[in-house]
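Here subunit A shows up in two complexes: once beside subunit B, once beside subunit C.
On to the complex of A and B.
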């Protein structure tokens, strides 16, 4: 398996676990084989040490020198427009839809079920129609 | 500069034992200088005593009697002993609580009883603390009924029942179960008298239609609400109540 994403200074990571779970941060420095120093001033992540097991590497990378302070990181982050780019990714959208689904009330779930049934009916009717016309040809 | 608090003049050596005695402190405080001359307050006999007319010949026509009589009994204990039933209130005086998630118009999911799984509309809390709900009966067969809030999940869905008026006779006494007469086995009457079966009274039917008419009118405003109340609630695989939002 070829690795495509690497731990580099400036790589934007998604923190999965811990107190800052669900947020993005940039790698500022590497502590040792297992730990990183990260900082996400534009995403409310203070300068802190995280374990590699707590994070997931995203496709984004910002240009900044190692050990850069929060101000520098923040500027580079905004220049690269990471927040907007992240919101467009499928990954971020999946997270959002999962959260939405979990927050649905009982009535919302019922309405969702009914709407899906409606949609399936429309699709099924169209498929039937296409099949019929294909058969008659 | 703010006034600094004075160090304690009479430092405690031990709990309850101070360095200086009362008389020494009197001198230290220069209390003789701060003494206020207390003017003697005259005893107002017209307030504390009253003239009372006495009947009978040789009793003297009037007597000067204190307005407030001394108590005729002093208990041997300072605080009277409390009864065993002290603080224990009868059920009728209990404080009724209602979960904050349950407000008039909330859709509730019934968890127990013959109507378990059904979604109903909460109308109001009765005097005994039980919840008055209605299906509406047309949608799911739940009549005007009482339920305990313990057997209920309150969903976030609310319906506006502020305009719904419930007939005044609908109360706890209205719902109280009536004892059905069982057949008495008299001589030669064993198979003759039938057991009285429960039948829905006309007054119940009247009240049901009156209330449901109003509730259904409100429910009709939302496209999916009627269907929602018709169906039953059930858990599917992967659905865990502690993880779900209702």
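On to the complex of A and C.
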């Protein structure tokens, strides 16, 4: 078992629970074994203490000294271009698609159903064609 | 006192009522940690009547103001000197806590004393709370976080719902880290 992601100063975390759920923040300092001081000036997370149980570590890390003020954190965040890099990840895209799916109206869901039926018909037709050609060979 | 919820820091100033003999009695100031200002005033009288010859009906509180944390964005080490009654005697203690606000550290102290020594809040007297510099801290559990390049993995101790509902026999090892 090899750990690839660590809690370090500057690690970008995704806040899962609490008042700032759904946002990214950078670890500014470690309070103790269970709590972190985080700040996300470019993602509207004020400087606050979060529990390790409320967060998930992302693969990103910004270069900043421990205890840095919001301005320093913001500058390092922009330099590393975290917002753009995050938007490109599969994780962020999954969150977005989940949110979209939850916000579909009944008419949208009907349209989605029809499109999925169409797609599976195309796939099934192709599978049948390949099977037939494999059998005839 | 009941240490309800998160305690708050109060500055309470009081004195004995002025009389003909003593028209300007000395003022006494206390730095208290209490759930609300009513409990703060009550605690003020408790301590003052214990240490000085002033009772509530013969004295007055001149100021009871809440103190908010000046730098809540900075992690600090707090040293707390306290005195508590155990089942068989009364003892002094020095404890250290790492927190962002004084009031949270004192709240943690009350909870900790209850947990480790079964001390109820009424038997605990917080004598002194001070921010301690990192190199002056004495407790190992606080010193271990004094590392500018601190790094530790985040272990997953609770399995995800999918893993909890996994079949009894499986060829997949559980994923125990993020």
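As a working rule, the second predicted complex is superposed on the first by the 137 of 137 C-alpha atoms of A that agree within 3 Å, B and C clash if a C-alpha of one lies under 4 Å from a C-alpha of the other, contacts with A are read in each partner's own complex, and residues count from 1 in each chain.
Following the convention adopted for this analysis, a contact is a pair of C-beta atoms (placed from the backbone, for glycine too) under 8 Å apart; a residue touches a chain by one contact, two chains touch by 3 or more.
No experiment lies behind these values; they were computed from the predicted model shown.
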Original post:
After lining up the shared chain so the two structures overlap, which partner does A:134 touch, if you call subunit B first and subunit C second: first, second, both or neither?
Top reply: neither
**OP:** Applying the touch criterion given at the start, work out whether A:31 contacts subunit B, subunit C, both or neither, answering first, second, both or neither.
**Re:** second
**OP:** Could you say whether A:114 touches subunit B, subunit C, both of them, or neither, answering first, second, both or neither?
**Re:** first
Original post:
According to the contact criterion defined above, which of subunit B and subunit C contacts more residues of subunit A?
Top reply: C
**OP:** State whether A:103 touches subunit B only (first), subunit C only (second), both chains, or neither.
**Re:** first
**OP:** Determine, under the contact definition given at the top, whether A:84 touches first (subunit B), second (subunit C), both, or neither.
**Re:** neither
Original post:
Considering each complex separately, which residues of subunit A are in contact with subunit B in the first and with subunit C in the second?
Top reply: none
Subject >> Contact footprint of subunit C on subunit A as seen in their complex >> reply: 1, 3-9, 28-32, 37, 39, 47, 49, 52, 56-57, 65-67, 69-70
Original post:
Contact residues on subunit C for subunit A in the complex?
Top reply: 72-75, 98-100, 141, 145, 148-154, 176-178
Original post:
Where on subunit B is subunit A touching in the complex?
Top reply: 107, 109, 119, 155-157, 224-225, 227-228, 231, 233, 243-246
Original post:
Residues of subunit A touching subunit B in their complex?
Top reply: 102-107, 110-111, 114
